[in-house]
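Can you keep this structure in mind? I'll have questions shortly.
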């Protein structure tokens, strides 16, 4: 186990290296100067700016300068927000995104597993059909359609939830729901599928034969096994929530990392773009590793039992 | 013919699937043929901006006075085109990759699957955004100079082809296709691993057929069913990715319009003063229905055709 | 979507023993999620427990910086000018009034300004403000090491440009002196009629240099920044809000104690915030969706004012067919500008036939060319493209943001309608790429805009000097250049305005390297019963220190 974790960590280093290299070189090679404004800057000032940011000389020189800094843990200063280091922006914005993501994730898990299990129990009955139809709809409806519709409904017509912003707990409800729905739907489908499979396995029959109540069979035995594919799905789900949050944060004016990323890509801020890509990738790699370990542990426990 | 037979069985068993299929065919037909009968062209402006749906404009109009029905159908064309060609790219890459990996086996297989795993754990869509926004202009220049080069060679047809391509569209189709092949590759590989041990493949080995012949003649036809299943599931994924990018303003740009750009125009108009609901509901609704039909179809086909799914 | 899981393990076994009551698992999960979310939110998510603000402003976007020497944008400028104050400032009407300087003397030749600082003025930490603070802050803004993008605002000073571009390194040669702590003497290159407007601009505001030296790049952070304007920086949460509090050391009382600034950049979200009373003032025109302006225009909370900025089209006069002045004129005459402002921009923008926006009472602009499609068709036919036949393929460059796409689409369609030209292709680019393409003059037509730095025609006219940094059309005229030089040397304001008028005539009537389209207007939303001190003015410069709440006026 330790060997696997260690190997995965070692493997992550070249991967991150490649990803950051690609991003930085692409952004720098693309036309468009991060410092240009509608009014021309005197060439002397431009030169000075580029020097301050180590963005002068050949692109390879710039790249080496940047990588040198990254290795030392310095993500450089944003060219767009000139008084802020990229690390500082990420430090402020990442927890916000993480909060939103975590809430959405737990919502998706809770509702997904509950509805999925419920559908499995009522296999092929109306309830099952209805839930599965809703789940398919949840997968199919893009969050950027759902979000404006929900805002229209709950924030404008019913006026029960705030339309946008961040800072009080009620402001997280709509964005978290919008973000979580496709994943809740996928988890519901996964849960139903795997639970149906598990319920046909021998050990469930044994449990039933032993006279355990249907609830006990379901919750104490079957669900524990059926949860495995959901753990397996948590990696892709995290990736989906991460990209989904970019849209949700933009729509709801949430000070997370998503709007900064889109802005930096459009404004040719090489440090911000590379920094965000680095953080996103590291986060996902780490998350996948944790999910894999969890899978391994649960799987082994299930087998041992 | 096994596939055709199975297909027939699916149709018999679940008429709703057929309805989904028919709906999709209808969307394609209307968006490519019906669009010529709306009475408007997609780039025709008028003074009637932001009109509600009426007899003259079934879906209403947008800011420029475009007929929204024609716009939505045009958006459908682009969205469907992006999804279809992107899927084709992902299909080619995924099937080739999966077949090679599964067929080669051993260390090659190990390495190739490790790479898939790594790409799985990367924020691919974020990378596509970086790539598309950066390569847009270089691609424009490249296509233009290639076109000029072809003209120089005396190939006006080819030149017209290159200059006619929208660089942004090309990049999006290409790179979205290159991110959505992972599932396909994994599943194909799994199938090839099984098929490889089958007697008829073993027999071909013994007969001394070349690797290419075995892959092409014996393995590929047997993978067709599963390829179709994952094809129907990749199309909505790419469609969603494209609209996601267009929505954020890093995807397609005018004069091209896709469902994503239309919905983006509308989503930023949701406000307490006046609701231009038709701008959101029509393109959004049609897109959701299309995605739903595709997902439903993919699901149903998977249940019927994927040997991994137990019935 | 189809990245679904892994196979279920096949040999699970039974478990035994007492466990958590199974029915409670889903509610427990939900509770756990809520708890986790609460804890997460509390510790990291930024739960705002700060005191409520007396005024909340939607300012358009997150400021890129709050260093007055560095900022370039209007939205940053607004906050900077609440935090800092120059020698002069503006009242609510936009007139120049004494700021840090109580009075000033101007020499008869208009070249020397002697400013007398207000007695007893202090920084927000209590340090006295001296003329040396101004001298040193200007040195900082000019110094190439600061890399200030607006340092050219100080090029009007004798040797300012030489110091700013590193040609000289001795600041004592630059035309600013501090003979005693309360006097600042400034010497200019030319009699600059609008210099007192420049001294109210953020680039010329003083900064507290000991703080800048001590904290370096971090000096603009709350708790560190020392300012001299009506407000001081209390809190700044990135992309969330900025909290300003009245500066107790400011030389006059500040009516509104606390201002919260929201960086919401989504226009609809801003409007929704305004409607749910979460914000009192929407100050940035980009925060108001143009499509809604017709619905908003007659509301008591809608306010608009003309402002010194123009939207115009640049021609690339080096390329066919726009090297022909008849083609340029034809396109100008055929453009139905009213259609564009009525349908797309919708804020009641006046259409523009000249480049210089109205607002300077001393300036009488030329006529310019108005909408005249018949004349346009005649000229186009004369140039060899009757009914647009044979018109070469050209592209129309524009920045794909705001209503840029819609305006460009409309123009393309209008030219097709009036002139039969079908070969104009749209070329939308992202902002920074657009700027790059524009400065390389790699376009045929380019949708551009210009915001005046000060309320004087000069800031528009001097753009088109031959090979000027912001010319970007390839156009040049030695006579025009000569006239500009003459105007700069002319101290008589009436004569000077006349020369500028003749120059503009060349631009918009004779040579047409550009087509003016419309003048921008500033728009804002606020309830006049809840906010005072916000008056329409030509510079669209509303100082927050002037705001008051009616009924609470001190």
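When the chains are written out, they are named A, B and C in that same order, and each has its own residue count from 1.
We adopt the following convention: a residue touches a chain if its C-beta (ideal position, glycine included) is under 8 Å from a C-beta of that chain, and two chains touch if they have at least 3 such contacts.
All figures in this text were calculated on a predicted structure; none of them were measured in a lab.
**Student:** If I average the CA coordinates per chain, which chain comes out farthest from subunit A?
**Tutor:** C
**Student:** Among the chain pairs here, which one is joined by the most contacts?
**Tutor:** A-C
**Student:** From the C-alpha centre of subunit A to that of subunit C, how far is it in Å?
**Tutor:** Distance between chain centres: 35 Å.
**Student:** Taking each chain's centre as the mean of its CA atoms, how far is subunit A from subunit B in angstrom?
**Tutor:** Chain centroid spacing, subunit A to subunit B, equals 23 Å.
**Student:** From the C-alpha centre of subunit B to that of subunit C, how far is it in Å?
**Tutor:** 41
**Student:** Enumerate the residues of subunit A that touch no fewer than two other chains.
**Tutor:** As it turns out, subunit A has residues touching two or more other chains at 30-32, 139, 151, 156, 197, 236, 250-251, 266.
**Student:** For subunit C, write out the residues touching at least two other chains, lowest number first.
**Tutor:** 1, 3, 266, 272, 276, 430, 433
**Student:** Of all the residues in subunit B, which ones touch at least 2 other chains?
**Tutor:** Those would be 120, 133, 136-137, 236, 240, 249, 270-272, 295.
**Student:** Can you list the subunit B residues touching subunit C in their complex?
**Tutor:** For subunit B paired with subunit C, touching residues are 43-45, 47, 49-50, 63-65, 120, 133, 136-137, 182-183, 230, 233-234, 236-237, 240, 249, 253-255, 268-274, 276, 295, 298.
**Student:** Quick check on the complex: what are the subunit A residues that touch subunit C?
**Tutor:** 30-42, 44-45, 48-49, 52, 77, 80-85, 89, 92-93, 95-96, 98-99, 102-103, 106-107, 109-110, 113-114, 139, 151, 155-156, 159, 162-169, 172, 182, 186, 189-190, 194, 197-198, 201, 203, 206-207, 215-216, 218-221, 223-226, 228-233, 236, 250-253, 255, 259-260, 266-268, 295, 299, 302-305
**Student:** Under the definition above, what is the set of subunit B residues touching subunit A in their complex?
**Tutor:** Residue list for subunit B touching subunit A: 114, 118, 120-127, 129-131, 133-138, 236, 240, 243-244, 247-250, 260, 263-264, 266-267, 270-272, 275, 277, 280, 284, 287-288, 291-292, 294-296, 299, 310.
**Student:** What residues of subunit A sit close enough to touch subunit B in their complex?
**Tutor:** 11, 15, 19, 22-23, 26-27, 29-32, 136-137, 139-142, 144-145, 147-149, 151-152, 156, 197, 235-236, 239, 242-243, 246-247, 250-251, 261-262, 265-266, 273, 276-277, 280-281, 284-285, 287-288
**Student:** Mind listing the subunit C positions that touch subunit B in their complex?
**Tutor:** That would be residues 1-3, 266-268, 271-272, 275-276, 289, 291-292, 295-296, 339, 343-344, 400-401, 405-406, 408-410, 413, 426, 428-430, 433 of subunit C.
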